[in-house]
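Input: structures, listed below.
Same chain, two partners: chain A is paired with chain B first, then with chain C.
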Partner chain A sequence: MAFKHVNKGVKRVDAYEKVTGKAKFGADLEFADQLYAKVLRTEYPHARIINIETAEAEKMPGVRGVFTAADIKNNLFGVIVEDQQVLAADRVVLAGDGVAMVAAESEAEAAAALEKIKVEYEELEGIYELDEARKKDSLKIHPEKDDNQVIHHPLRKGDVEKGFAQADIILEREYSTQLIEHSYLEPEAVVVVPEDENHLVSIYGSIQNPYATRAAVATVLRAELAEVRVIQNHIGGSFGGKDEVVSAMAARAAVMALATKRPVKMVNSREESFTESYKRHPYQLKYKVGATKEGKLTAMEIEAAADSGAYACQTPFVTWRSVVQATGPYELDHVKTDTYGYYTNNPYTGAMRGYGSPQIIFAQESLMDELAEELGMSPVELRKKNIYRQDSITASGQKLSGHTVSLEEVMDKAMQAIDYQAKREKYSLAQPDDKKRGIGLSISFRGCSLGAEAVDAAASLIQINKDGSVAVYSGLAENGQGLKTIFSQIAAEVLGITLNEIDYMEVDTTFTPDSGSTVASRATLIGGNSIKNAAEKLRDRILDFAAQKFELAKDKLKLEAGFLYDQASNRLALFSDLTAEMINNGILLSAYGWYKGPPISWDEEKGCGNPYFTYVYGCQIAEVEVDTGTGELTVLNMAAAHDVGRAINPKNVKGQIYGGVMMGLGYSIMEEVEVEAGQIKGKNFHDYMIPTIKDMPDIEAVIVENPDPDGPFGAKSIGEPTLELASAAIANAVAHASGKRIRSLPLNLERVLIGRALSKGGCK
Partner chain B sequence: MVEYQLLRATSLVEALEILAEKDNVECLAGGTDLLVDLHKQDSKFDQIDYVLDISSLKELKGINLGDKKAVIGSLTTHADLIESEEIQQKLPFIAEAAKSIGSTQIRNRATIGGNLVNAAACADSFSPLIALEAEVVLASRNGERKLSVRDFVKAPYKTALKKDELLKEIVFELPQGKYYSSYQKIGRRKALSISRISLTLLGEVKVDKVFKIQVVSGAATPSPVPFAEVNSYLLNKKLADIDPVEAGRLAAEEMVEITGERWSTPYKRPALAKLVERAVDDFLKEAANSG
Partner chain C sequence: MAKLDVEITVNSKKYNLKVGSQERLLDTIRKELKLTGTKEGCSVGECGACTVIVDDKAVNSCMILTAQVDGSEIITVEGLESKKGLSPLQKAFVEKQAIQCGFCTPGMLMSALALLKNNPRPNKEKIKTALEGNLCRCTGYQQIIEAVETAAKEWGV
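Right, the complex of A and B next:
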C-alpha cells in the first residue's frame, strides 16, 4: 500500500513555534489582574498538625489570601484511590505535603508571606523501608485502612512446585531498583481563571491529562465537570509525571481563584518540583526460576514489592502491569507471581514512562543471563529456546494471536545492527587491561494501551471549513511525543489533503470529548483510530456528494492532495470547491470519530485472562566499557529494535527510541533520588545526575514493522517500550565485561567497583 | 531573602578601595558558584551587604608564560586555559584539568581564581597548581603579598584571603628539563560532573632517576595536598625500580590517614590507588618513550 502522508518522516507540525520560541508554555501565560500563589510545604515526613497560625501572613504586603485545608470544600482526591489531600488537614504523611498557601500580588510577596505562617507539629514515627511497611504490627500510615498494603495482584498458572520438580537447575535471585525523577525540562505550572466564559474556572497549564485534572478539580470544588474547563498548553516534557501533581496544583489554584475572584498563577521552581512531584516506584524483586539442563524453563516464582510512598496514586495499576509482564516474554507452564504496593512516608510514586515494566525487566532479563551462564549456554540461545512465538500462551493464559509475535525478528535485527555475535565472541576472550568491554541484550513484550485498567476508548472531532481548511481536535494530548503530527498525518491520509491544510487544535475539555488519559503508549493506537474514524466519515460524506454530482460510482472516485480524481486520474474538482458547495447545500462537514479497543478480560483473583488486545516486542543491546580499576562505566553503543506495527512517522519513532534509550541509560547507571528518613537529598540537577550529551552512546534505532490489524494503518506503540530495556542490557553487558553481576540499580561507580552502593554525599 | 547591593568595579584600584572601605562584600567573577549559592539562599550570605562585580577588571586577565616564569590572571576562564596554545604545549595537565570542569557554558564563565577562592574540596584547579608549587598574589589597598597555593587553602571553602584582598594572579616557575605530567579524574558522568577523585602528577627526570616529583590529590582529601609518602617513595628512585602499584597503595593509605574511614572510603581507597598507579605508569612510559 502506497501512502501519501502516513509512514513518512514529515516535519513536526509544532516544530516551528517551538524552535522559534513562539510556543507559549504554562509559565508564559499572563492574565489581567493575575495573582501569584505559593505553597508552604512541610519538612516532616510524618507529623500531626497541632496548629496553623496565619494572622501574621495575612497582614503582609500584597497578600490577598492565606488558605489552609479548612478553606477547601472537599480536600480529598485521587484517580484510583482518594487518599491524597489538597492541603494537609490534621496530619502530614510525606515531607513536601502542602499545609498552607498564599495568593499575593507578586511571587516575591507570596514567598515572603509564607515565611510568616507558623505551623506547630507533633512529630510522629515514620515508615521509610518496605520491609517495615509490610510488617503486620507496623504503624498504619492511613489509619482508616487495614494495613499499609495499597494493593496485591496475584497471578497463578499451573503448579510451580511441579514445575520446579521438573527442573535440573533452580536459581533464586533478588534484585532492586531505585527511586527516580521524571526530570521534565519544564517544572509544573498552571493558571486558573475564575468565572470565565460561563465556567466556574478555566485552567491553563502544563497538564498531561486534561480530563484527569478536570475531574480532580471538580471533585475538590464539588462542581460539575462542565463547570471546569481545562485547556492544555505546550508542555515541556511530562513522561507520565504531570498528572496527580498538576491536578493538585490546579485544585489549589482554583480554590484561591474562586476565593479572590482573580486569576491565580502557580509555577514550581525546580526544587519545589523535586519536593512535591511523584516519582518512579522503587521495587524489591525476588525471582526463582527452574530450567532443564537443555535450557527449557519449567517454572517461575516471582514476588515484586513497590514503594508507593504516602499515597496510592497509580500504584494499583503500575503493579498490575508488572504482574502481567513479570515473567518476561517466555513460555512457562508453571508461574506464581505476586506484586504488591505498600504505603511508606517516602515521596509518593506514580506514573512514569514504562509504568511498572522497567523494574521487572531489569530483574527478569538479568536473571535470564544469570541462568544462561549457569547452564553454560549463550544468552541468545537460552532466550530463543523459550521466547513467545506466534500463538504462544502467556503467563496469564492469553494466546498471542491476531498480531505478529516478532520477538525473534527484533532480536535478530538488533543483533545485526550492532554486530552482536562478533563482539560477543571478541569480548568473551581474556581482556588484560583494566578497561574491559562487554555486550549484553534484553528483550520484552509489552501490552499496548490501558489493558484491563480502564475503559479504553478515545474520541476526536474533525471540522472542515468552507475553504477546505481542516481543524482537528482530539481528546488526547500532545505531551511532546509528536501526537499532533501523527494525528495530522492520519487525517490528511484519509481525507486526501495536504498537511498544511490541517490546523491541529489544543485539548480544550469544553470542545474535545473525554478520551481518557494520554498514557500507556496508547495515543497513536487508540486516538489514531478515532481520528481515522472521523476522517473516514467525512471522506465518505464527500465522496457520496461527489458521486451524485459527477454521476460516477463512489468507488470510482478518490481524494488525493487536495483534489477529487476519477479512476483514470482525471482531476474532477478541488477539495475546497467541493467542501464549499457541500456547506452551501447545508451538509454537515464535521464529524466525531470514536474508537473503542477490542474486548479484553482479567480475573483479579486468579490473575488470568486476556489483559491487552495486542502487544509490541523489543530488543535492546548495549556495548559497554567498564573501567575495573575505577568503576567508571561507558556505554559505547546501543542497538534498539522495536516492532511498532507501522511507523506513522519513522523519524518521530526514531526520536522516541533515542530519547527512551537515553532515559533508560540514566536509570541504569546514574539516576537516583536519595531519600533519608523521608527527606529528599539534592533537589536540583547539580545533585541529581541525569545523562549529558557526552554520556550518549551511538544508538542504532531499528524500526520493525508488522502491521497490526487493530492499529490505524497497522500502527501500535513506541513511547514506553524504548525505556524499559536499557538497564538489563547494560547490566548484562557489564557482567559480560567484568564478570561481576550487579543486581541493584543504578550501576554507579561504587557498585561497579566494589559491588555495593555507599551513601553519596556529593562533593560537599 | 538574601538582599544585597550590587557594585561594579571598573579598575583594580577601585575594587581594592571598595574592599578596604566596605564590609560584608562578596566578589563576583564568573558567578558559576556565587550565583548558584545565591539562588539557593545559602545561609552563608545572611551577613552580606554587597556583591562586587569584578568580572571586567582587565588587570586580572591574561596568560603569560615566559621562559621561566608564568603568570595567570585570576579572571582567566577555563576556556581560556584550554584554548591557550602555550598551556597546551608546556602545561598540558592544566588544560586537561580545565577540560574536565563543568560544561562548555561553565568553562566559558568560570575563572581559575574563582575556583581557588571558592575552595571546594573537589575544585579541579588546585592539584595542577600545587604540583607546580604555584603561588597566589593577593592584592589589597596596602600592597600585595604572595602565598603558596597549598597554604592559601585552609579547609573546604576556607582560604587565607583577607576581607580586603583580591586574588590578583597566580605565579609559578615553569618546570625545566625533562618533565612529564598526568592528570586523572573520576566523575559520575562524562560532563558537568563534580570530581569524586582527581590528581596531578608532575615529575622531572635526570638520567634514569626521578629528580623532582609532585603527586597531588584533588577531591580525595578535604583540602588538596601532595602525597608526601608517594613523593618520598618516588623521589631519587631509578625509573626501573619504581612499582606503580606500590605508589598507588601508599597514596590510598595516606588518604585514609588524612581523612579517616569515611562513608566513601571503601570506594575511594581502591579507586585512588588505581589512579595513582596509572599516573605513575603514564609517567614511566612517557619517560621511557622520550628516553
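Right, the complex of A and C next:
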C-alpha cells in the first residue's frame, strides 16, 4: 500500500514550540494572583502523629493558609485500592508522606512557614524487607487489612510435578531487581485555578493521565467529574511516573485553591520528587525450570514477589503483567506461577515503562542462558527449540493467532545487525587479557495495551472547519512519545489532506472524551484506531456529498493532498471548497471516533485466558567489555529488533528504541535508589546516576514490520518493549565475557568484580 | 537584603536590573525576564536543563549568580530563532527528531551551540563531551548527536 503520510518519518508536530522555548510546561504557567504552596513531609517511615501545631506557621509573612488532613473532605484515594491519604491524618507509613501544607504569596514564604509547623510523632517499628512483610505474624502496615499482601496472581497450566519428572535437567535459580526512579527531567508541577462559574476547579500541569487525575481530585473534593477540568500541558517526560503522584499533588492544590479562592501553584524540587514519587517495583524471583537433554523445556515453576511500598498503587496490575509474561516466549506444557505484591514501609512503587515485565525478563532470560550452558547448547539454539511460533499456545492457554508471531524473525534480524554469530564464536575463545568481551541476547513477547486489566477503549474527536482546517482531539495524552504527530499522520492519511491543515489540540477533559490512561503502550494501537475511525466517518460524509455533487459513484472518488480527484486523477475540487459548501448546507463536519479492543478474557483464580488481543515481539543483543581486573563494565554495542506491526513514523519508532535501550541500560548497570530503613539515601542526580551521552553504546535499531489486522494501518506497540530486554542481554553478555553470572541488578562494578554489592560502612 | 545593579545583555537586548546578591541567573531569566524556555530540572548543576550561553560558554544557570555575570552577553533558547526563521541547529533538531518530551531540548541546544561556536567541525566524541552535562531520559541521545552532526556538516550554527 502506498501511503502519503503514514509510514513516513515526518517531523514532529510539536517540534517548533519545543526548539524555541515556547512550549509551556507546568512550572512555566502563571496565573494572576496565584499563590505558591509547599508540603511538609515526614521523615519517619512509620509513626503515629500525636499532634500537629500550625499556629505559628499561620502567623508567618505571606501565608494565606495552613492545611492538615482535617481540612480535606475526603482524605482517601487510590486508583485500584483506596489506601493513600492526601495528607496523613494520624499515622505516616512512608518517609515522605505529607502531613501539612502551606499556601503563601511566594515559594520562599511557603517554605519558611513549613519550618514553623511542629509535628509530634511516636515512632513505630517498620517493615523494610519483603521476607519480613510476608511473615504471617508480622506487623500490619494497614491494620484494617488481613495481612501485608496486596495481591496474589496464580497461574496453573498442566502439572509441573509431571513436567519436572520428564526433565533430564532441573535448574533452580534466584534473581532480584532493584528500586529505580523514573527520572523524568521535569519535576512534577501543577496549578489549580478555582472557578466561579460552571465548574469548581481547572487543573493545569505535567499530568500523564488527565482522566485519572480528574477522578482522584473529584474523589477528594467530593465533586462530580464534570466539576473538575483538567487541561494537559507539555509534559517533561513521565514513563508511567506522573500519574498518582501528580493526582495527589493536584488534589492538595485543589483543596488550597478552593479554600483561598486563588490559583495555587506547586512545583516539586528534584529532592521532593525523589522523596514523594513512586518508583519501579523491586522483585525477588525464584525460578525452577526443567528440560530434556535435547533442550526441550518440560516445566517451569515461578515465584515472584514485588515490594509495593506503603501503598497498593498499581501493584495489582503491575504483577498481573508479570504473571502473563513470566515464562517468557516459550512453549511449555506445565507451568506454575505465583506473583505477589506486599506492603512495606519503603517508598511506594507504581507504573514505570515496562510495568512488571523488566523484572521477570531479567530473571527468565538470564535463566535461559544458564540452562543453555548447563545443556552445553548455544543460547540461540535453546531458544529456537522452544520459542512461540505461529499458533503456539501460551502459558495461560492462549493460541497466538491472528497476528504474525515473529520471534524468530526479530532474533535473526537483531543477530544480523550486530554480527552476533561471528562475535559469539570469537569471544568464546580464550581471552588472555583482563579486558574480556562477550555478547548476549534476550527476547520477549509482550501483550499490547491494557489487556484484561480493564476495558480497553479510546475516543477522539475531529472537527473540520469551513476553510478546510482540521482540529484533532484525543482523550489520550502526549507524553513526549510523539502521539500528536502520529495521530495527525493517521488523520491526514484518511482525510487526504496535508499535515499543515491539522491543528492538534491538548487534552482538555471538558472537550475530549475519557479514553482511559496513556499507558501500556496503547496509544498508537487503541487511540490510533479511534482517530482513524473519526476520520473515516468524515471522509465518508465528504465523499457522499461529492458523489452527489459531481454525479459520480463514491468509490470512483478520492481525497488526496487537499483535493478531490476522480478515478482518472482529474482534480474536481479543493478540499476546503467542499467543506465550506457542506457546512453552508448544514452538514455536520465533526465526528467522534471510538475504538474498543477485541474481546479478551482472564480467570483470576486459575490464571488462564486470552489476556491480550495481540502481542509484539522483540530481541535485544548486547556486546560488552568487562575489565576483570577493575570490574569496569562497558556496553559497546546493542542491537534492538522490534516488530511494531507497522511504523506510523519510523523516526519516532527509532527514537523510542534508542530511548528505551538507554533506559534499559541504566536499569542494567547503574541505577538504584538506595533505601535504608525506609529512607532514600540520594535524592538528586549527583547520587542517582542515569545514563549520560557518554554512556551510550552504538545502538542498531531494527524496525520489523508485520502489519497487525487489529492495528491502525497495521501498527501496534513500541514504547515499553524497548526497555524490558537490555538487562538480561547485558547480564548474559557479562557471563559470556567473564564466566561470572550475576543474578541481581544493577550489574555494577562490585557485582561484576566480586559478585555482590558492597555494604555501606565497611564490614558487615 | 541589598540589591545590586547589574547590566546584562540577553538575546541581544540590554537589561539594567536590580538583583539580590543571592539571586541565581536561572531565576532572573525565568522570573524577571519571563524567558521560561530555560528549564529547572535539578537545581544542583547535574541535569543541564538550565544551560544558557554566557559570553560564548555554556553554563548551568542554576549554579551561577546573576551578580556574577554583570556585563555579560547571554543567549537563551528564545534567542535562537530570527526573522529568517529557525536557526540551523534548531532545524537540525527538528529534522532528526532529536526531541521527545522537549524538557531537555533548550539546554541541549545551548550546549550544542556553544560547542559549534568554538568548534564548527566537532567529531562524535567532541559532541559527546560537550553534551555530557545535559541529561535526556527520552531520546537515548542518538538523534541528538545526529542533529548536531547535521548542523555542523551541512548548515553551521
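Criterion: the second predicted complex is superposed on the first by the 757 of 764 C-alpha atoms of A that agree within 3 Å, B and C clash if a C-alpha of one lies under 4 Å from a C-alpha of the other, contacts with A are read in each partner's own complex, and residues count from 1 in each chain.
Here, a residue touches a chain if its C-beta (ideal position, glycine included) is under 8 Å from a C-beta of that chain, and two chains touch if they have at least 3 such contacts.
Since we're looking at a predicted model, the values are computed, not measured.
Look at chain A after the overlay: chain B and chain C fit there side by side.
Once the two complexes are laid over each other on the shared chain, residue contacts for A:G62 go to neither chain B nor chain C. When both complexes are overlaid on chain A, the residue A:R12 reaches chain C alone and has no touch with chain B. Note on chain A: of its two partners chain C and chain B, the one contacting more of its residues is C. Once chain A of one complex is fitted onto chain A of the other, the partner contacts of A:A27 are limited to chain C, with no touch recorded for chain B. Contacts of A:K694 after superposition: both chain B and chain C are touched. When the shared chain is aligned, chain B and chain C each come close enough to touch A:H686.
Once the two complexes are laid over each other on the shared chain, residue contacts for A:G158 go to neither chain B nor chain C. In the superposed pair of complexes, A:E632 makes contact with chain B only, with no contact to chain C. When both complexes are overlaid on chain A, the residue A:Q481 reaches chain C alone and has no touch with chain B. Between chain B and chain C, the shortest distance over C-alpha atoms in the superposed arrangement works out to 5 Å. Overlap of the chain B and chain C contact sets on chain A: residues 686, 692-694. Against chain A, in their complex, chain B makes its touches with residues 1, 36, 103, 120-122, 156, 186, 188-196, 219, 263-264, 266-267, 270-271, 274-275, 277-278. The touching residues of chain C, counted against chain A in their complex, run 30, 35-44, 46-47, 49, 76-78, 80-81, 86, 90, 93-97, 99-106, 109, 127-129, 131-145.
Partner chain C is touched in their complex by these residues of chain A: 9, 11-12, 14-25, 27-28, 182-187, 234-239, 269-270, 479-482, 651-652, 654-655, 657-663, 684-686, 690, 692-694, 696, 699, 701.
Of all residues in chain A, only 108, 111-112, 434, 629-632, 634, 670, 686, 689, 691-695, 748-750, 753-754, 756, 758-759, 761-764 touch chain B in the complex they form.
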